[in-house]
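Here subunit A shows up in two complexes: once beside subunit B, once beside subunit C.
Moving on to the complex of A and B:
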């Protein structure tokens, strides 16, 4: 139904012996907002560079708006608007000079829309960019990128140093921008609560490996935390059950993080004599920690020597 | 009017469906009222427009709203039957949970029915309800 704006097939990138991105099949549909998640060094930046054609695939291919990246760099650059995390590039310029300078690079530049946005956000033309608040600066850069009318917006940590109000404004603008169903947004960020709100798709990278690709609402529907109490519950057996991603246990209790098949898991637990079987929703944070194999309690051990 | 909690583990479109449905069944939204546009609600709640669209589609499918090209999405008339259905579907998960809990605790069907009858008798206020009136 919707148009595929980014299409990666077997896309991989290595730098020497180092595999920065392992083969990835990935599609970004028009109208979607995709959160690309993963720890530092997971391959998020590599993926962004591949989308923009700044670096070339070692294997596989990626196309943007049906054009193979690498073949037509001008068209790709026009289609992809990148908003970097570091927004200090044009620090010494005045707002007016920046808008004029930036706009001059793009034939698609909409100067009326730019003036409109600046007025709406009460950002004056006279001051140097470094004199603006961080919130205004972030909005200025995002606004400038939007005014060159890209089809895909690539945001790197868009709200990293913004106060909650400015962050809300920026994300709200992004949600509006994508709502005509013809554009899409890819966000790389560590702010899971923002991804949870604004994204409808997630791509999770871990050490270059795409470990999870999902529709977020499907993920919410599928991932559950099942808690149960009971004596002598076979912990190691439950680890092998289909859908069980993580098992935590203690004397007389067990907690299973499952990815699908929750009803089967609860009935098997009951068959094993478990009582008080409860099912809860799982936040994206829990999913993230499960995928990165974070061990709760490890912190206590570390702290024992310190506190 | 709506308040989405993204970290609750409940799909956002379902939260929207629940809240909009509640607004309709409680009378806060009346037949003929217009729902906010997808763009507006997405920007206001800072959620994905696709997610809002999905919620609206589901609400349309269940007959609570109707949308026309360019006119927007409206709360539909003829609520009585839908209301009864909606009321039942809201109680259903609680009943399912109750049955599951009873199974775990080894309570027999007859015992559970007796308990339900007793609870209904103690309350006693729902006797005359035909279950078909609207708001």
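Moving on to the complex of A and C:
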């Protein structure tokens, strides 16, 4: 049985009247890579702050490595390696200064590994951080965090500034990082294809509300796209069917995004006279768009006036 | 490393203040030098007692120091406070770089104490630099500078100034707190002006206590109210945030 590294129970956070994170029950097991997804302002950074003990829960509790976060935040921060989304940090420091400064906080710091990584990524020690490209900054921070050997890696958009080759390297590193089964990674990102590639768990946040958390394999097995053709298919009725998350339709066709109960949906469609009923797997992008109520063509009218 | 980072965060503002202090002090020191030279020349030409001219220069010099500690010196600290607070806001970077710092295994109080200690030391250096300029100018003008008294007067004035400049320096890492500190400073000023008719520097400086004849008749409620609301609100906001560690 794997060890639980993060354990949140009824975890909620509000800033005044604004509920930044609605009650969340969430567990992160050792050896897992969890993708935290959601639009901007969904509560992802708030969750990261709660994990590190930078801010305190308004309700519920969160434990990291078996320790309640409010009790000993320093010990928890020593075990959680955080890579912020914005890599504009300590701009005036040289790379060497930053490595020395950052490493001094950790007894587990591996300076040889840091030198190797910087050499491998061709990041010299002398330039100031502000002189580095965005990609090099991202690698510098990630490299530094890896070299302190945290038990939990908390990555906020780790590949956003990276070219495809560097992004690939980083993703490989992350996947390798958890391979010993003792560590875990939590990634917040908008790059859904990366989540599909390396994550095994996902947590969707929407306006602070945890709308879905699932094992990615279960999600792939449960979520399907059912297409059917036929005349006069009752669109509004299908929207009320159990498991139907989203309905798109056009003249003579209908497409239902379904979360479970796919056999029931297909048979009901056939009962209504649908022909050519097919079932396809859905991408994480489709799941995301479904959860965020994306409506195709919503801006068409506006764009017509603009373009 | 916390102290090193504190120096790293503050150093640009320190250099700016260093230059600022030098520039602010320069006109005063030049006027002392000129008046002492003129006094000496006039006295010699008239065949008068040279000591008389020196005495006049010394008096001018004393007036200058007096004007600093009693009246004008607070303006230097006002500018320093503004420079440090605004510098803090401009050079802080963004909230996310703070997030990176806060993700390190050190308590927030330790970051702040390192920042406060380094800022305090740098402030002392600034004060010492001012004292050095004044004393050096006095020596250059051939004056018999009472270094001990002068240093004491400057130290007392500096400490009283530092009391209210310190929050601005302390807050240099955190943007919102810089704003809060500036609000607290302004509100303290408003309150002191309202109640005493004097700035904090004047009020806390022993050498200018004698001039505090400006105790006002009756309480100036509007000024006091504004000061209390601003100061109380800022302090409450700061404390609440500090307690919750949200910034």
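Everything that follows uses one rule, which is that the second predicted complex is superposed on the first by the 306 of 307 C-alpha atoms of A that agree within 3 Å, B and C clash if a C-alpha of one lies under 4 Å from a C-alpha of the other, contacts with A are read in each partner's own complex, and residues count from 1 in each chain.
Throughout what follows, a residue touches a chain if its C-beta (ideal position, glycine included) is under 8 Å from a C-beta of that chain, and two chains touch if they have at least 3 such contacts.
Worth saying up front: this structure is predicted, and the values here are computed from it rather than measured.
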Just from the overlay, do subunit B and subunit C fit on subunit A, or is there a clash? fit
Considering only the touch criterion stated at the top, classify A:289 as touching first (subunit B), second (subunit C), both, or neither. neither
A:200 in the overlay: touching subunit B, subunit C, both, or neither? Say first, second, both or neither. first
Would you check which partner chain A:214 touches, where first means subunit B only, second means subunit C only, and both and neither mean what they say? neither
Would you please give the vertex angle at the Cα centre of subunit A, with arms pointing to the Cα centres of subunit B and subunit C, as a multiple of 10°? 160
Which partner chains sit in contact with A:19 here, subunit B, subunit C, both or neither? Use first/second/both/neither. neither
In the overlaid three-chain picture, which partner chain does A:255 touch, first (subunit B) or second (subunit C), both, or neither? neither
One more residue to check, A:272. First (subunit B), second (subunit C), both or neither? neither
Contacts for A:281 in the overlay, against subunit B (first) and subunit C (second): which applies, first, second, both or neither? first
Can you give the closest approach of subunit B to subunit C, taken over C-alpha atoms and in whole Å, for the superposition? 25
Can you pull the subunit A residues that subunit B and subunit C both touch? none
Under the stated contact criterion, what part of subunit C meets subunit A in this complex? 1, 4-5, 8, 12, 93-94, 96-97, 99-100, 102-107, 244-246
Complex contacts: residues of subunit A adjacent to subunit B: 31-33, 168, 171-173, 175-176, 178-181, 193, 196-200, 216-218, 220-221, 223-224, 266, 270, 275-277, 280-285
Mind listing the subunit B positions that touch subunit A in their complex? 4, 6-14, 38-39, 42-51, 54, 100, 103-105
Residues of subunit A that touch subunit C when the two form their complex: 15, 45, 49, 52, 54-56, 73-75, 77-78, 80, 82, 84-86, 88-93, 100-102, 104-106, 141
